[in-house]
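First chain A sits with chain B, and in the next complex the same chain sits with chain C.
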Partner chain A sequence: MSDPVASYLMHLNAMAGGLFLLAAFAIVATRQMLGCLRWFVVQALLLAASATVIGIAVGSLHLAIVAVVTVVTKAMATPWLLRRTVRRELYSRREISQVLNIPTSLLVAAALALLAYAIVSPVAALETGAFVEINLSVGLAGLFLGAYTVAVRREAVPQLLGLLAMENGAFFAAVSIAPDLPFIAELTVAFDVPVTTLVIGLLTRRIHERVGGTSVGLLSALREK
Partner chain B sequence: MALIVLLLIPTAVAACCLAVSRRAAGILTVIGAALVLILATRLTGRVLGGGPRVALDGWLSSDPLSVLILLLVAFVGFVAALFSIGYVDRRHGAPVAAKDGYYPLYNLFLLSMLAVPILANIALVWISVALTTLASAFLVAYEDTPEALEAAWKYVVLTTLGAVIALLGVVFLYWGMKLAGGGPFTWAGLLAAAPKMPPTVLWMGFILVLVGFGTKAGLAPMHTWLPDAHSQAPASICALLSGVETTTALYAVLRLFPVLTNAGQTEAQAWFLVFGLVSTGAAALLLVYVRDFKRMFAFSTVEHMGIIMVAIGLGGQAHFGAAYQIAAHALVKSFCFFAAGAVVLTLGTQEIASVRGLIRSSPPAGMALLLGGLAIAGAPPFAVFMSEFAILKAGLAGGHYLAVGLLALFVVVAFCAMMRHVNRMVFGQAGPAPVVGDLPASCVVALVLSAIPVILFGVYLPSGLDRLFTAAAAVLGGAP
Partner chain C sequence: MEERILYNLIQVAVVVAFAPLAEGVLNRLKEIVQSKRGPSIFQPYRDIWKLLHKDEIVSEESTWIFRAAPYVAFVAPIFVTLLIPVLTRYPLFLAFMGDMLGGGFVLALGGFFVALAAVDTANPYGPMGASRTRMVGFLAEPVFIIVFFTVSFVAGSTIPYIVQAVWVSPLANFFAPSHVLAMLAFFMLILAEDARLPVDSPSGHFELAMINKSKGLEYSGRGAAIMKWAGSMKLFVLLVIFLNVLVTPWGLAGTMAIGDVLLAIPLVLFKIFLFLVVLVIIESSLSKLRLFRITEFLSAAFVTSVVALTTSASGL
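Right after this comes the complex of A and B.
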């Protein structure tokens, strides 16, 4: 592969990385349920974009499959499953209740992203090339921001989206460090993600029926008194 | 061959259970689980006699450590299926025709736990650990109360969160193998490649897997979901969750210990010791204040996961103690939850304060609770005492005085706390809770069956099991 093309792909991937991180911040901060889901879909598409770019650069067919499966399961099947299971939640126009207010949340999220860069730097120093440098730190930051979303949101659907965003982050890192990752990648996105979505979606519906709301963060009957 | 059939049986039974009534599904499940137990026992014999077995071109494999876990899952899976028949009917009314997810999910849950120790590829191990959560989510929520749903929610969200963290860890391990020159992505392959892996990558992988699967194994401070899920699920499911599900998740963490020591990373010992002692200590304190007896047994699981981690960290002879402890915990803890289920069936309450003088109001439930309480708290001569004693002795011989001292302290605190609760429940002045029912026959049979190893394995360890523990300890120590 000629140098200009390689450098072009590198820049394309860096752009996908930057936008991916932006989407992770948006999932933390969006006030509406549907907006949150849209940002998640955008994030999944950026993951697929990065997988495609790296796939072309290193000539890996695996990554092309990962990209296709990601688009099908995360950008198409997940929103569809959520519409089937928790439609009412998804289209409610109220603000998502949060443990922290949004500016504070964003500050903490920024700190987490910096932490991810700090953790990754000794590993990225290993040789490894520019793809790994970008994808590993952005992926780990995505993982942290997803976990933070789960912690800070009080409602069921945003917590689920936080979990799936974490998975996006893990894969964003995975496509760079293990482009020939055997079938785990395909299997996980093709199987684990929809099943997780389905189980959590159905559970959310049951909670809504039994408890009358889905502010799971406010459920606290079970603790040591 | 046996390895393939082991996984086919629960799959087939799960499919059949969808088509028949709950009563028939229960009987089918018991038969299927009994077959699985027989196969697992025979497989154990063959592995001990002739070394690791593989099937399906190396996709399935079994060494002494994996058959130990397999055998425990199979035994608890069988007895819990038996207990389910009476328990589920009594708590949830007469069997309804189909439309009941209990037994299909039960079999899928069993399948995912059987798959963890015998799948060779680490990526597949990750998937099956993740599936144990997804298959059991609705079993935890089965009682359909707001509390059960809350417990199921915390269980699914936190353990899935852990699984995603572990996923990145698995990817790091794969990357490390590739940098070390490749090879099959199995536990054995990892062990062989470890010395050539860049240490930073290996450590990133280990820490992510430890935190991720540690969450699922109930290691403190990531254990917060565990007492909720393990107290709200039906008793038969609690026995599986607490007795073996935690162990299967811990199994994936334990497998990395020989990998790290093989790579010359002896600091791994300290990580295991610290995580283990934090869990044991936190659980010992929580056991003092607990008010619900199923939560008491759940916190005791956190304690025991910690003890196993400490035993691994101590190394050397303590690894025999670790294997012994893994078995003792699985067998005794499942019995404890059957006993707790028996108390719930007879008195209709889970509150420690509402249960008094059980030995007079319901002698079978009282006896079971007393036996379970004594055995799990670690009273001599039961198996848990023997394994804890072996661990402490090996630790002293290895010169780890601080760790052994702390471990002994926490174990004693936990023992006293549990004995205080159990003593009041069994012998206290007969209290307000009247007896609301007797025990169904299948529950009695399950209690008796699972009591046999509880009573026996402290005073008499069959030579086959002794050999199995020794061989499993060798695997933990880095033997191929």
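Right after this comes the complex of A and C.
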């Protein structure tokens, strides 16, 4: 592969990484439920883009399949399932309550991203590939930010999105470390995502029917009839 | 040497002459999006001409600051124009007199005097607008500094003429994540600094909701004309910095020939026109944020710039 093309691919992958990180921040900070879902779809598409670029650069067919599977399960099936199962939540409740206010939350998130970079930098120094360096740090930061979303949001649906964003982050790191992951492993994870979405979606719907809301932060005490 | 001085002066002339035109085009485009015909794109020139021929009334309670502020606000963008690449790709006579931070300070000086003048007359709306502008200003400051750090970190220099060359040599640099994110952060900064939607509504007429406009309510006649002109020049200069330094140096003159330099004028204006179209789309599709949500907008810009810095600092 000629050098300028490789350099373009590296930069394209880096751009996908930068925007992926930005989407992770947006999932933390978006105030509206639908906006949160949209950012999650954007993040999944960027993951697919990065997988495609690395697939072209390393010449691996597996990564092309990963990209297709990601688009189908995360960018198409997940929003569709969520809209089917928790339609009322998505459309009637526009604003999500947070434990922290949004500027503080963003600063904590920025600190987490810096932490991810700091953790990865000695590991990345060992490796030689530019892809690993980018994807490992961005993926780990995505993982942290997803976990932070789960911690800071009080509602069930954004918490689910945080969980899936964690999974996105883990995948983002994985596509660079193991371009030739066995296909069966990818397929398993790919099926996990819609099933998780479906289960949590249905559960959320039941909670909504019983309690009248899905503010998980309020569900702290058990109640006996 | 004489050519470099001449081109520097041509740059100033271009900014002074075409800044109201950019504002007129922006207003016209916005009206077209709203299915109206809108005023002519030359309306800002007519407004300035009309105001220059009107009597000026200055409050007896005001001090020299009120009288000096329009001139300071008018001269500040001109000084910045001397430092930045408007038409040429190579450094001109005064290019090394100040870097991007210096240019930012000069622009801030103009804003500072306008804010002082707003407080000076003790009109109740003036100080309100001034304090709100300061609030937006100090939230925007860290973003400005970090974008500046990122850009100078990548380019190894703080002189705008040197910075602009880095993004396209080689062309793959254009897609570098730090570049894209720094552009995004600076774009949000322009929206906040120039009081555009979603931070402030530039066409609003309700004094209580104003952020930027209420500072100039007391001016009349020549003072109002100069303030208006200065405002459009500030936007023009910000756009030139954004488009020529941060985005690309495409369309700028690469040789010393005067023909090339003059040819660069329509190319730069075309770039600005494209940017204005984007600005109009944003202004027509977003609503104004509540005052205390501006912090959220600017903290989003801040995080964007921090991500740009981390990606560039980790060598990507």
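Quick notes on this one:
Quick note on the criterion: the second predicted complex is superposed on the first by the 215 of 225 C-alpha atoms of A that agree within 3 Å, B and C clash if a C-alpha of one lies under 4 Å from a C-alpha of the other, contacts with A are read in each partner's own complex, and residues count from 1 in each chain.
Throughout what follows, a residue touches a chain if its C-beta (ideal position, glycine included) is under 8 Å from a C-beta of that chain, and two chains touch if they have at least 3 such contacts.
Keep in mind it's a predicted model, so treat the numbers as computed, not measured.
With both complexes brought onto chain A, simultaneous placement of chain B and chain C is permitted, the two fitting side by side without a clash. When the shared chain is aligned, chain C comes close enough to touch A:Ala110, but chain B does not.
When the two structures are aligned on the shared chain, A:Trp80 is found in touch with neither chain B nor chain C.
Legend: residue contacts after superposition of the two complexes on their common chain; A:Asp192 is shown touching chain B, with no touch to chain C. In the superposed three-chain arrangement, the CA centre of chain A forms the vertex of an angle with the CA centres of chain B and chain C, and that angle is 150 degrees when rounded to a multiple of 10. Legend: residue contacts after superposition of the two complexes on their common chain; A:Pro4 is shown touching chain C, with no touch to chain B.
Once the two complexes are laid over each other on the shared chain, residue contacts for A:Ile134 go to chain C alone; chain B is not touched. A simple residue count on chain A separates chain B from chain C, and the partner touching more is B. Superposing the two structures on chain A brings chain B to within 19 Å of chain C, judged by their nearest Cα atoms.
Chain A has no residue lying at the interface with chain B in one structure and with chain C in the other.
The touching residues of chain A, counted against chain B in their complex, run 122-123, 126, 139-140, 143, 146-147, 150, 156, 159-160, 163, 166-167, 169-170, 173-174, 177-178, 180-184, 187-188, 191-192, 195-196, 199-200, 202-203, 206-207, 210-211, 216, 219-222, 224-225. Interface residues of chain A, counted against chain C in their complex, comprise 4, 7-8, 10-12, 14-15, 17-19, 21-22, 25, 29, 31, 102-103, 106-107, 109-110, 113-114, 117, 121, 124, 130, 133-134, 137. The residues of chain C lying in touch with chain A in their complex are 170, 172-173, 175-178, 180-181, 184, 295-296, 299-300, 302-304, 306-308, 310-311, 314-316.
Contact residues of chain B toward chain A in the complex are 121, 123-124, 126-127, 130-131, 134, 137-138, 141, 144-147, 149-154, 156-157, 160-161, 164-165, 167-168, 170-172, 174-175, 178-179, 185, 198, 200-201, 204, 227-228, 231-232, 286, 289-291.
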